[in-house]
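Presented below are the structures under discussion, each in the form of structure tokens.
Consider the two complexes below, in which chain A is the common component and chain B and chain C are the respective partners.
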Partner chain A sequence: MTSMAVRLMPHLLAWGAMLLLLARGCAGRRGTVAAAAGAGFIGGIVAAPAAARLLGTDASFDTAKIVLGAAFLVYCAVAVAALYGSGRSSAANWGERLTCSAPVAAAGAFFTGVAGGAVCGFRSLSGSVTTVCAAAAAGLLLLPLMLLVERRLPAAFVVSPASLVSGITSLLLFTSSSLLRLDLFSPLTMKVMKFSHDFVHQFFESMLIPDHLFFTARLWGFVGVLFSNAVGFWGALVVWLAPALLVICAVALEPLPAVAHLREGARRRKTIAAAIRAKRQRLAVPLLALAVFSCAVYQSKFPAVEYWDPKPIQVSASPAGEIFIPKKGEVDLEDGKLHKFLFKKGGTEARFFIVMTPAGGLTVVLDACSICKPDGYGQTEGTVICYYCKTLIPLDTVGRPGGCNPVPLPCALKADGVHIDGVTLVNRWVDTVQATARVGGEGK
Partner chain B sequence: MPSIIETSQLTRNYGEICALKPLDLKVPEGEWLSVMGHSGSGKSTFMNLVGGLDRPSGGELMVGGENLLALSEDGLARFRREFVGIIFQQHHLVPYLTAVENVMMAQYFHSVPDESEAITALQRVGLGHRLKNRPGELSGGEQQRVCIARAIINSPKLLLGDEPTGNLDHKSTLMVMELLKELRAEVRFTVIMVTHNQEVAAWGDRTIYLDDGVLVREERVGQR
Partner chain C sequence: MRVLGSAWKVLSARALTPVVIGLFLLLYVGIAFSAEDALMALINLVASSPSLIALFSLIPLNRGALLIRELNDFRARRRLLGDGTGILEPRLFEQTVTIRGAAGGFPAAARRLAGAGYRTRGTGATLRAWKGVTAFPARALFLAATALFFCGILLSLGGRVSARGNVIEGVALPALEGSPAGGVVRRIALEPSGGSLLAKTLSIEVAPGDDGEPARSFGLYPPSRYHGSFVYPRYLGIGLRYRLFAPDLPGGAEDRLVLSIYPPGKEDGREVEGTPYRLVFSLAQPADGSDPYTTGNFTAQFKLMRGNDLLCAGSAPAGGAFAKDGYWVEIVEVRRVVVTDFISDRGVYLVWLSSLFFVVAALAWLSVRVVSPRREMVFLSQGEGITASLRAEGRGRQTAGLFHELLDALNSADGPHGT
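Then we have the complex of A and B:
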């Protein structure tokens, strides 16, 4: 319970910050916005576990990811619109009209609440009903608290419509990035890397870059950069931070007020100084959003996740060459955790693990896949993760062949335990390790 | 004419020394008030209080509708920035900045610098040909004119002079006083000028005499 509370803390803090921004950004509609956000939060925190139960964890996480991705795309559109309108006097008006309109403000707050609540709901999936209720209560308690805090904030803390979207999106993506299965930055990295690889490949295929003598090794070195892992990270970083930078540019490019009609020089300068000061104040939220987006990247790159990674238990085969692992022996195979084993034969050490799938059956797989170096797997949040390439494999699909899934191992599941043929295990391990021996580097 | 300065029982003590004893005074808007008295009579203390450079020990002090006793440090800074222009006897120009940069510095602390406006102000005080000279390259009278340009650049309602001609020869004194008179006629700010010089005091509409922190006498120009 305590560890779950600690885990939920950053999500609730992010939720509080979102409330603060909503209250200040829609200052004329505090009541409406607070009610809608609160209702959304409760809806989200209840809907997440319900969806996981009804649709399965994969489908529910995928749906949440799509929603978060859509929010990011909307944010991109808002950022472009803000930049487009920054040179026009009526630029801010459309946004202000929207945030002042009760239905739009309420809808935005409701969506924010649903998303914030859903992330908390997904985080507490492994917790009890009490945990979910406590998180919901804490989220609701933050409502009046943040409204009070907002009233104490200085008037200079201005949140323009584009800044509001900037702040909310950054907090949403920050809070979701701490859940491996809701993190958007990692998949974005992969997409950018794939795009770069496909693009260069197509370029060569269409003979746009001929294999010419003038293409020196040095030049090929530059082309090679496009195939490196760094392309994915840096490319994704550009896409990730671009909208926040656009909003910052939009604020910075806002024109200063016309002062030619003011006769007194001091008044002219004072008007300009006030406009510059207001512009700097409006920059605070987009700059903070940029920092939060950067934190989300850090969180995605270095996730603070504790993997379940037990030390392999050494097993031996019977004279007939059969390895038997009882269901309730040194470990309980049906406790939902991944259990690793080590079998030595000749000079070969073969690792495998047994895990219970959500369907309720035991699955036996090698602690290696057919494409990565055999660095093994760890378990977290209903998934196993390949330590080499950091790919998450949902437990539902463990036992199926292909991709980075651990290589399935034939076995006999009986009432007393699991029976594995030692020779088959060693052969399969050797085949797999030989196939992946060429893989170098340290993974993505 | 409404009063720009109103004091009631205004006092200032430095420890056991009473630099200004309870003073009741009203200065109408647009007036040129000369403050005379021997050294230690409380002239500069009075000017510092009115200009928001110092805080009174007691009494009431309203300047331009603001109760200076109630203002915070930030409020006082804003008041000085926007309401008051000060000309010192020692000029207090930044030695490594040019004349125009010295004027722009006052603009910077007020709002934003505007070089063309600073140049116009220096041209207005007859220093159009000395824009890029540093204070060390200017005569005393010229330095004082830079001070005047710096003091008026932010359109203050109240111009304070602490013996502005104390260091100047007769010719330069006349030039500076003439300039102040012209500017006042143009902009209509209120002037409070502390001086030892009877001739300089005579440029004002009214002269008050302080002695040991007490207002002992006042004269209108017509009475002298």
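Then we have the complex of A and C:
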């Protein structure tokens, strides 16, 4: 109970901060916003465990992830619109009017409540009904408290419509990034890496640029960066932080007011100085949002979870090139745990693992996927995780190709054990890991 | 007419291109969650959908319309500043202000502006002043470049035709069905290059063919053209002819293969047709570290397999043979091969041209902006007072300071009250 309370604490704090932003961002409609947000929170915290029971854990997490992804896309659109409308009073007024209209303010607050509550609900999935009720009560208690705090905040703490969306989205994604299954940053790195790879490949083909075989090592060193795994992280970081930066730019690039009509220099300077001061105050929330987004990245990169990750057992091949691993040998292949092996040939070290799937069959796969750096996989309940991109792969899909699934390895499953062709293993390791990801095979 | 006006307004809106690109980005995100190869899937989807093509073509149209609109504004400003025949429209300037009650000529303002390095022109009722070089040509070039770039992509999407063929030393160039045969490939040369971009050069020398093409040589980049298509060398391969004899295959087997076994060490295998055998080939790396493709000294390594059993493994140079345990593998000949795409695509030219425009536009904009950005002021004495306008492509705060100073001077000299 205590540990669950500790785990829920950051989510509730984030929820409190969201309430604060909502109250200040829709200052004219505090009551509506508070009621809608509270109702949404209760709905979300109840709906998450209910959905997990009705739809299954995977489907409910996937749905929540899609909703969070959609929220991020909307945020991107708002950020672009904010930048585009920067300095155009009509656009700003349009945003203000929209945010302060009762239906939009209520809908936005309700969605925020549902999302914030759902994350708390998913976090307390392993807890009891009492835990969920306690979290719901704490969430509701925060409502009057935050309204009170908001009234005490200085008037200089200004929350523009774009800043409001920026702050709320950053807090939502921060709170969800602490749950591996709701984390958006890790899958984003994968998508960015794939996009970069596909884009460069397509660009080369479209512009009829020769194959890398003909490039100087120096040039390929530069181009190769776009194929490297680092581009996934840094590219995703750019995408992740871009909307927050756009909102900051929108505020920073707002033109200063025209003062040509003022005929006293002192008044002109005072007007300009006031505009600059107001601009700086409006930057506070977007800058905080940027910091929260950065914290979400840290949380995503260093999740506090432990996995079963045995040391690879070195195996060798027969003179005909066949690797044989008995079912009951040094390890029991059918004990439900992931078993890692290492095969060395020439200068290549190929890692693979064998695991029993929920269907009851053994499956043999490389300890790497075809798109990530070969950091390998760990096993947790019902899934394996790619250490590089933190993607969770359900055990029943291990052995199927594609995406971040470990690359399947052809083998002969016989009564006595598993027979693998050494050349096929090494070639597949080299082809799919080294050639595609352009990284060394040293792994972890 | 009103509809046309609205259509023009939409078509020349600055927001149109970002909105369309945003829509395609959304489409990509949607596809990325359901397809593995999202970019290719998006390209194929757009190429096969007239509505998406129409949506995409809004981008070059928008850039063209924007160019026309900005060109008109530029000409209007030039007329106004040059001979003073134009109309002072506030939308052409960043700031326009009217000082009510003020009137008269601008000799003092003209002197002040000339002292600040401005060129001035005017009559008693107007004063036009400007300084620096306009960045509009760079802006126009940028807009033209984006229009060309997206036109190029459109043309590539709709009209790219690609055919892959093996260009083999000593064999005629691949020809389309029904077309006369191309010239024989005399030589394929891969040589080290001292360039900063390419480490190797490739040349495919072709003799005159029945198709009327003269003797010529195809290189790497920029790609040469053959029968209207770009010759795009993709991969290097090896053409290999072998003979195999085995104890249960006294008659032997012979075949010609195009193998993907370059660079040395890379393996490629084929079933020996009509037999239970499989041969896996690779190229041996010469002891002196030289590139066999460059020198032409090929030694083929092979593994003879029957099912999963390795029967024998060895190597033989071109023209040589290997024998062991009743198995005989002869490497009859080895030829250089270039796996080549013959691509017909007019969009490539536009994209190349747009790249050039982008570079020139960027350099021109940067140099103008750094050295001497354009600043323009117009003062117009009208019945109700003085209307003054300012536009600065750079150093805005400094220019605004001078502008305000002039307005203050005009105000104190001629009477009260700015609006």
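To be clear about the criterion, the second predicted complex is superposed on the first by the 294 of 444 C-alpha atoms of A that agree within 3 Å, B and C clash if a C-alpha of one lies under 4 Å from a C-alpha of the other, contacts with A are read in each partner's own complex, and residues count from 1 in each chain.
One rule holds in what follows: a residue touches a chain if its C-beta (ideal position, glycine included) is under 8 Å from a C-beta of that chain, and two chains touch if they have at least 3 such contacts.
Since we're looking at a predicted model, the values are computed, not measured.
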First (chain B), second (chain C), both or neither: which does A:149 touch? neither
Going by the contact rule set out at the top, does A:134 touch chain B (first), chain C (second), both, or neither? neither
On the A-aligned overlay, A:191 touches which partner chain: chain B = first, chain C = second, or both, or neither? second
Just to be sure I read the superposition right, which of the two partners does A:259 touch: chain B = first, chain C = second, or both, or neither? second
Taking the superposition on A as described, I'd like to know which of chain B and chain C A:270 touches: first, second, both or neither. first
Please name the chain, chain B or chain C, that touches the greater number of residues in chain A. C
Between chain B and chain C, which residues of chain A are contacted by each of them? 265, 268
Name, in rising order, each residue of chain C that touches chain A in their complex. 15, 18, 22, 26, 28-29, 32-33, 36-40, 43, 95, 97, 99, 156, 195-202, 220-223, 230, 232-236, 263, 267, 308-310, 343, 348, 351-352, 388, 390, 400, 403-404, 407-408, 411, 416-419
Contact residues on chain A for chain B in the complex? 264-270, 272-274, 276
Taking the touch rule as given, give the residues of chain B at its contact with chain A in the complex, in rising order. 82, 107, 110-112, 114, 117, 120, 153-155
Which residues, counting only chain A, touch chain C once they are in their complex? 66, 73, 77, 80, 84, 191, 194-195, 198-199, 202, 206-211, 213-219, 258-263, 265, 268, 320-322, 402-403, 421, 423, 427
